[in-house]
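Take a look at the structures listed below.
Two complexes, one shared chain (subunit A), two partners (subunit B, subunit C).
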Partner chain A sequence: MHLVTLPFPLLLPPSTPLSPLHPTFYSREHCLPKLLPVLISTRKKRQQQQGPPKSHLLVPVTPSQLADSCWLSVSFATFYWMAAEPFYTVASDSETTGEDKSQPSFPDVAIGIDIGTSKCSVAVWNGHHVELLKNTRNQKGMRSYVMFKDDTLSAGVTGGAAKENAHEERDVLSGSAIFNMKRLIGRMDTDEVVQASKALPFLVQTLGIGVRPFIAALVNNMWRSTTPEEVLAIFLLELKALAEMHLKHPVRNAVLTIPVAFSRFQQTRIERACAMAGLHVLRLMPEPTAVALLYAQHQQQLMHDNMGSGIEKIALIFNMGAGYCDAAVAATAGGVSQIRALSGCSVGGEDILQNIMRHLVPNFDSLYAGQTMDRIKSMGLLRIATQDAIHKLASQDSVEINVDLGDGQKVSKVLDHSEFEQVNRVIFEKVEKIINQCLADAKLVPEDINDVILVGGCSRIPRIRSLVLGLCKTEVSYKNIDALEAAVSGAALEGAIASGVTDPEGSLDLLTIQATPMNLGIRADGDNFAAIIPRNTTVPARREMLFMTTHDNQTEALISVYEGEGERAEENHLLGYFKITGIPPAPKGTVEISVCMDIDASNVLRVFAGVVKPQGQGVPPFIEVRMPTLDDGHGWCGQALAKMYGSKLDLAVHPKKLQP
Partner chain B sequence: SLASAFLLRSTDRTLLGARTGGRAGGRTMVDHYQTLGLQRDATKDEVKAAFRSRALRDHPDRHGGSTEAARNAAAQRFRQASDAYHVLSDDRRRAEYDFRLRSSSSSYARTSSSGWASSSSSSSSSSG
Partner chain C sequence: SALRLAPDLLGNAQVAAAYDVHATAARSPLDWHDVLGLPRRSGGGGAALTRDAIKKQHRKLCLLVHPDKNPSAAADGAFKLIQAAFDALTSCPMHPPANASASTPHARPQTSPSPSDEQQ
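This part shows the complex of A and B:
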C-alpha cells in the first residue's frame, strides 16, 4: 500500500464543504491503489465495493459527507496517480475515451473553460443562461499559475486560499510559480515562443535539439522540475473543484477554448492535461469561434425581440490575450454562425510586455542572464512596473515609470503612446497580417463586415483597437459583448448544446459550423507540401488527393502528414508518418496512390491511404492512421526521415484532378 | 476491417470503387440541389438558408442527446449537405457542376458510386 507518494497536497478553498477531502487529511496508506481499478465504474458501484473508506482518514468524517463527496476523491486519486507518472497512462490517448457512458445520476452538462495565458475562467449553462463562476475571492477571471511551496501546490483558482496566505503578483513572479502554461504546452525547445519564455522568473531550460523544454519552479532554493501538462492539470483540478462546489454534482465533460494557432499536437497536450485532471474534452473550440456562437445567440435574441432583421450578418472577431492573437470571420443568421475564415499567431500581451521591459532596460538580457535570487526579484519588480504602465497607457496619454531594481539599477522614464507603438511595431504588423489574411481567406472586403467584435485583454490597448477597426473600415466595435467573458460564455453555450441540452424557449437553437484553421496535407513533389484539406474547410470534412510514384519499380512510399501554412513541408508541423508497402513494381508515375483525410465532428483526424491503380489481388490493403501519431521529441523527425531515406520513398502529386 | 473503414458514400469518388472496377470518370452525379431541397435556379441566399437549416437539424453538435444511430444518420446527411454547399455556394464550382450535370447522360438518380466513404459512419460513431 505504499505505491503512491503524494508529491504535493493541493489546497482547496477554505469555504468548500468538501474540505475533508483535502489530501493532507489522507494518511500515506490512503486507499489510492484500491481506487484506481474502479476509476471508470459508476459512483454507486464504487461505494458498494469499498464501503466508506473512513478508516483511511486521519480526521473523522461522517459517512454521509463521504458519500456525498466520494467522487471528488476519485478525481484526486486520478490526478495524484497520474502526477506520479505523468508520462505514461492517459485516457485521452485512447479513442474510446468518453464513450464509457456510466449512467450519470446528475445532469451531465459540459462546462465551458477558457484557459487563458494570463487568466482562466469557467462558465456553465444553468438552465436559463450562461453563468460565470466566481472563486472565493469573488473573481471571475482567475490568474493562471500554479504555486509550488514547500510541500503544497496551489493554483490561481484559489490564489492561496486563505487571506493571510493570499498570493500577490510578486509571489507569482518569485520563481516559485509556473505560469504562461499555454505558451509552453506542446512546444519543442527549438520553438521561438519557448526561447522567449526564458525571460520568465521560473526556469525554462532549452537544449535546442527539438525536445520538450525543461521547466522548474523554485522550492526552498531548489529548482523542482515539472511539465506544462502537469501544471495545467493542477490548475484544471482546482477549476473543476470550483465548478463542482457551485454545481453540487460531479463535473466530467468540458468544452475548452484554444488559440487558432494551436497545432494538433498541442491540442493532444491539452487533452492530456484534462485527462490528468479527470476531465473529458467534449470539444476544443478556437477562441473566436466560441465568441461567434455567443454572437449568434445575441442575433437570435434580437430577432425574437423584433429588433433584428434576420438577414445574414458578417462579423469579424478579433481576440488578443497575453499569449495569442486570433481572428475569425463568421457569417451568422438563424442562430447559425458559419466560420468562413480563421487565422492566428502566437503573439500577445506577453510579447508587448517583454518588448517594453527590454526597452526600459536595454541590457535586459545580459543583466538577467542566469537566474540568481537577486535577479529573479529584480526582474519581478521590472515586470510589475511594466505591466502597470501598459495598463495605465490604455487610458492615459503617457505614463511615468519609476522603479528601483536593486543593485544600483534604476528605471525612471516617461513612456507615451508613440514610443509604445514604436517599440511594438512588429507586433502591430503581425496583427495587421492576421486580419488581412482572414478577410482575404473569407473573400470579403472591409465593407462587407457588419460587426467588429474585439475581445481579449489586449483589445483594450488603444492602438490595437484603432488598428483592427481601421482595417475593417469601421468606427466602433460591437458593444454587447464583454471582452473578457465572451470566449468562456461561448464555450459554456457549446457545452450545453453538445451535451444535448435543449431550451424550450429556443435560446439554445444555435450552432457554430467550424472550419479548419490550417492546411492539412502531406509531403510530395520533393520537399513540397501538398494540402489535401485546405484551411477554412467546413468541419466535418473529407478530402482526397491522388499521388503517383517517383521511381521505377518503387515498392514503398512514405506518407508524412503535416499541418500548417508553409509551402515547404518542413515549414509545417509534422503530425506523423507511415509507409505504404508492397506497391506492385511498375514504371514511375504509373502507380496511383490515393490519400484521403477525414476530420469528424470531434475534430479527430484520420488519414487513409492506399494504391488505387493498378488494382487486383496483388495490391496491399489500405491503411488508416489516426493523427497525430507523434509524441514528444519529434522536432527533428522530418530531418531524420530525409537523412535516412532521401527521395527514395517520395510521391508526386498526380495531375489528374478529382472533381469536387 | 477494410469494409467498415471504407463504407460507401455517394458523393465520393472512391478508392474502393476504383478498386472494385468502377469506371474512372464514369460515376453518376449526386444531385446537390436535391440534397439541399432546392430548385436549379436557387439564389445564393436560398442556398445559404437551406444549408443553415439543414446544419441546425443534422450537425453533430446538435445531436449530443440523440441515439448513436440517429446521430450517425444525421452526421451523414450533414456531410452531404456540406458537400452540396461547398459546390453550390461558389460561383465557379457551381457553374462547373451545372455544366457536368447538364451533360451527364444519366438521370439524376443517386447511385452509390462508392467512395472513401463512410468511414463517416464508422469513424464518427467511434468518436461520438
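This part shows the complex of A and C:
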C-alpha cells in the first residue's frame, strides 16, 4: 500500500491543525491550503498506478487487505483521503474540473443508515421508492459488531465473508467482537451506561475520572485496544461497500439516525466515525423523527388515493431498541411533519437483558467480576439463553430456561410475564416518564393523539406495547409501518429530500421540521443554567439572551455552553467555553452582554457573544464559536474552570426581556 | 420592490420565495401577516383568520423555504422568519398587527440575518 509513505493527518498529534482530531480540520479555510498539496500528490500517484482516480471508491477495502500490523494507519489514511475529497474538488484547479467533467455523472443521493445498538440497516431512494439493501446473506437488518481476529477484521454486514466461516452469536460473544458501540460512543467512564457495559464479553475498563473508557477485543488471548469510533468506522465502511455494490457508484453522503438522548458531543463522534469511513454526514436525524417522515409520506399517499382527509393528524412515535428509547409527537398534514416534542433516555433492550441475567444468576456480579476465558464463555451462554427467553416471552406466557454455565453453575428456571415485569419495573417506569414528558411538552392530552406508532425491537414486548397504548388511551397501534425498517426508510427519504431529489409524482413533497431535543444555554447566576434555546424549539433556530456583569469593573466574562435538562449548569453536558475580553470597566450590572445561539438546518450550533452596551469604538468585537469545542476529558473541564476562576468571570441573566 | 421582480430573472421559485420572506420582513412597519403572505386584516372588521388557515399557509411556505427543500443561502434565515411569524400569530391570535410589531422590536435583528451571514 503506497499511501503509507504519506505524512497523513491521523498520524500527527491532535494538536496540529492538520490532524483530523483537531477542531479546525473540518473548517474549510483552515485545512484547504494545507491539505491540497498532499491530496494532489496522492491523486497523481494514484492516477499513475491505478488509472481513473475515482475507481478505487468502487473497490471495497476488504478486511484481509488490512491484514498487516499497521492496518490502522493504512486504512484510515485511505478513509481520510476519501473524506477530504469534497475540500479538494472545491479548488479551482483546471486539472480537477477537467477530470470531473469526464466522470460519468451519477445521482448523488444520500443513503439512509440506521446504526442500531444491536442491528444496522441501510436504505436508499431508488427513484420510485425506498429500497432496503440486503447483504450477501440476504439480511436487511445486520448485526452490529466488528470481529477482531489475528489477521482480519470483519463487521456484521458480511458476517464473516465466507459461508463456512459465518459468525454465530456465540462467536460474537466470545470477547473477540466489539458490539454495542452506539451505547459507548462519546461517553465518559463515569457514565452509568459505560459502567453497565462492563458486563459485556469484551473489555471495558474504567478509571472513573471522567475520561473515555478503554475498550479492547480478545485476539489470540490478548486484549487488543480499540475505540468505539474505530469500530463504528469499520462497520460503516462495510455498509458503504454494500451500498456501493448495489448502486454501482460511489456513495459520499449519508443520513444517519441517532437516538434523541444523544448529546452533541456524541453526535460529533458519529460524524467522526463517518469521516473515517469516507462518508459525509448530510443529516443526523433523531430516530422517531425519521419515522415521522415516513408517516407523513403514508398520509400523503392516502390523500392521493382519496382516502385521507388532509386534516392535521397527531402521531406519537415511540421507539425502543437495544440501547435507547425515545418518543416524539409529530403533527402531520400536507406532507409536512412538524416535530412538536422529543424526549428520550438511554434505556433499552440491553438493560432488560442484563436485569434478567442478574435475576437468573443472583451472584452475577461476583461471578463475572474477572474476565477469564471460561467466565467469558459462560457469560456468553447465559446471554444467548436469556435473549432467547425474552424473545419467546413476546409470544408465550412463560418460558423455561435451562442453561449449563460450566463450573457446576446451572440455571434452571421458569420465567413468566409477571416475574419479567417485576424485574424490569424501573425500565417501564422510565418509559412511562418519557411518554408523559413528551405529551406534556407538546401541550397535548392523550385524546389528541390520532395514531400511536410503535417501532424498534423492544416494541414487541407485550408490556411495552400495552404501557404505551395505555398512556395514549388507545387500543391499537398504527399498522402500516414495519417496526424494524421504519427508521432507516425515513432516513433514506430524508437523504433523497436533502440531496435535492424531486419526484414528478410528488411522493417526495415531504418535509420533517425538526426540533431540539435538549435545552441549550450557558452558565449564569452562579451555578445556574440559563436556557437560550429551550428544548423542542423548531430548528433552524436563532435565539438571543441578554446577560450582565456581576462585578464592578469586570473586564472579562466566561461563556460556558451547556446542553441538558438540569437546572444547575453542572448537571448538564458542557459543550465548550470561551471568554469575552476587553469589556469596558463599569459598575456591575451596567454592562450588557448578548449571547446568541444559532442552529442551522444541518444542526450545527454556533454561539455569538459580545458587549451590546455600552456601544462605540471601545468595545471588543463579537465572538463566534462553533460548538462543541471540547474533546476528550470534558468531564474535567467544568471543575477545572470553577477551581481556576471561581465566580470572577460570572454573568447574570439580565432582567430586560429580549425574547417575545 | 426589486426583489419581487427577481423571480422572473432567476426562474427559481424557491430562491425567490426565500428572498421574498426577507424582503417583507425588512419592511417597516413589520407585519407578520405579510411575512406569511396572509391577507392583512382591515381594522377589526375583516374576517379574522382562523388558526387553521395560518397553519396551512405556514406549511406551504415551509415546503418552499425550509433549507431541506431550498438550496439558496437565504433559506435558513427565511425559515426562521416564517417560524417567528407563525409563533407570533398563533400565540396571540387576537393581537392587532400594529401592536404585534411594536411588542417585538428586537425580533428583527435576531431573526433576519443577511444571507452572507449565513454562509460563514
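Throughout what follows, the second predicted complex is superposed on the first by the 556 of 660 C-alpha atoms of A that agree within 3 Å, B and C clash if a C-alpha of one lies under 4 Å from a C-alpha of the other, contacts with A are read in each partner's own complex, and residues count from 1 in each chain.
Assume a residue touches a chain if its C-beta (ideal position, glycine included) is under 8 Å from a C-beta of that chain, and two chains touch if they have at least 3 such contacts.
Nothing here was measured: the structure is a model prediction, and the numbers come from that model.
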Superposition on subunit A - do subunit B and subunit C clash or fit: clash
Touched partner set for A:G335, first subunit B, second subunit C, both or neither: both
Which superposed partner A:V604 touches (first subunit B, second subunit C, both, neither): first
Dominant toucher of subunit A (residue count), subunit B or subunit C: B
Contacts of A:V612 with subunit B and subunit C, given as first, second, both or neither: first
First (subunit B), second (subunit C), both or neither touched by A:P621: first
Interface residues of subunit A shared between complexes with subunit B and subunit C: 312, 333-336, 338, 494, 497-498, 500, 509, 511-513, 538, 540-542, 544, 596, 600-601, 624, 658-660
Residue numbers on subunit A that touch subunit B, as the complex places them: 95-96, 98-99, 283, 312, 331, 333-336, 338, 494, 497-502, 509, 511-513, 538, 540-542, 544, 594, 596, 598, 600-602, 604, 606, 608, 610, 612-613, 615, 619, 621-622, 624, 658-660
Subunit C to subunit A touching residues, read off their complex: 52, 55-56, 59-60, 62-63, 66-69, 71, 75-76, 79-80, 83-84, 87-88, 103-104, 106-107, 110-111, 113, 118, 120
Touching residues on subunit B, where the partner in the complex is subunit A: 2, 5-6, 12-13, 15, 18-21, 45, 48-49, 52-53, 55-56, 59-66, 75, 78-79, 82-83, 85-87, 93, 97, 100, 115-117, 119-120, 123-124, 126-128
Residue numbers on subunit A that touch subunit C, as the complex places them: 312, 333-336, 338, 494, 497-498, 500, 509, 511-513, 538, 540-544, 596, 600-601, 624, 658-660
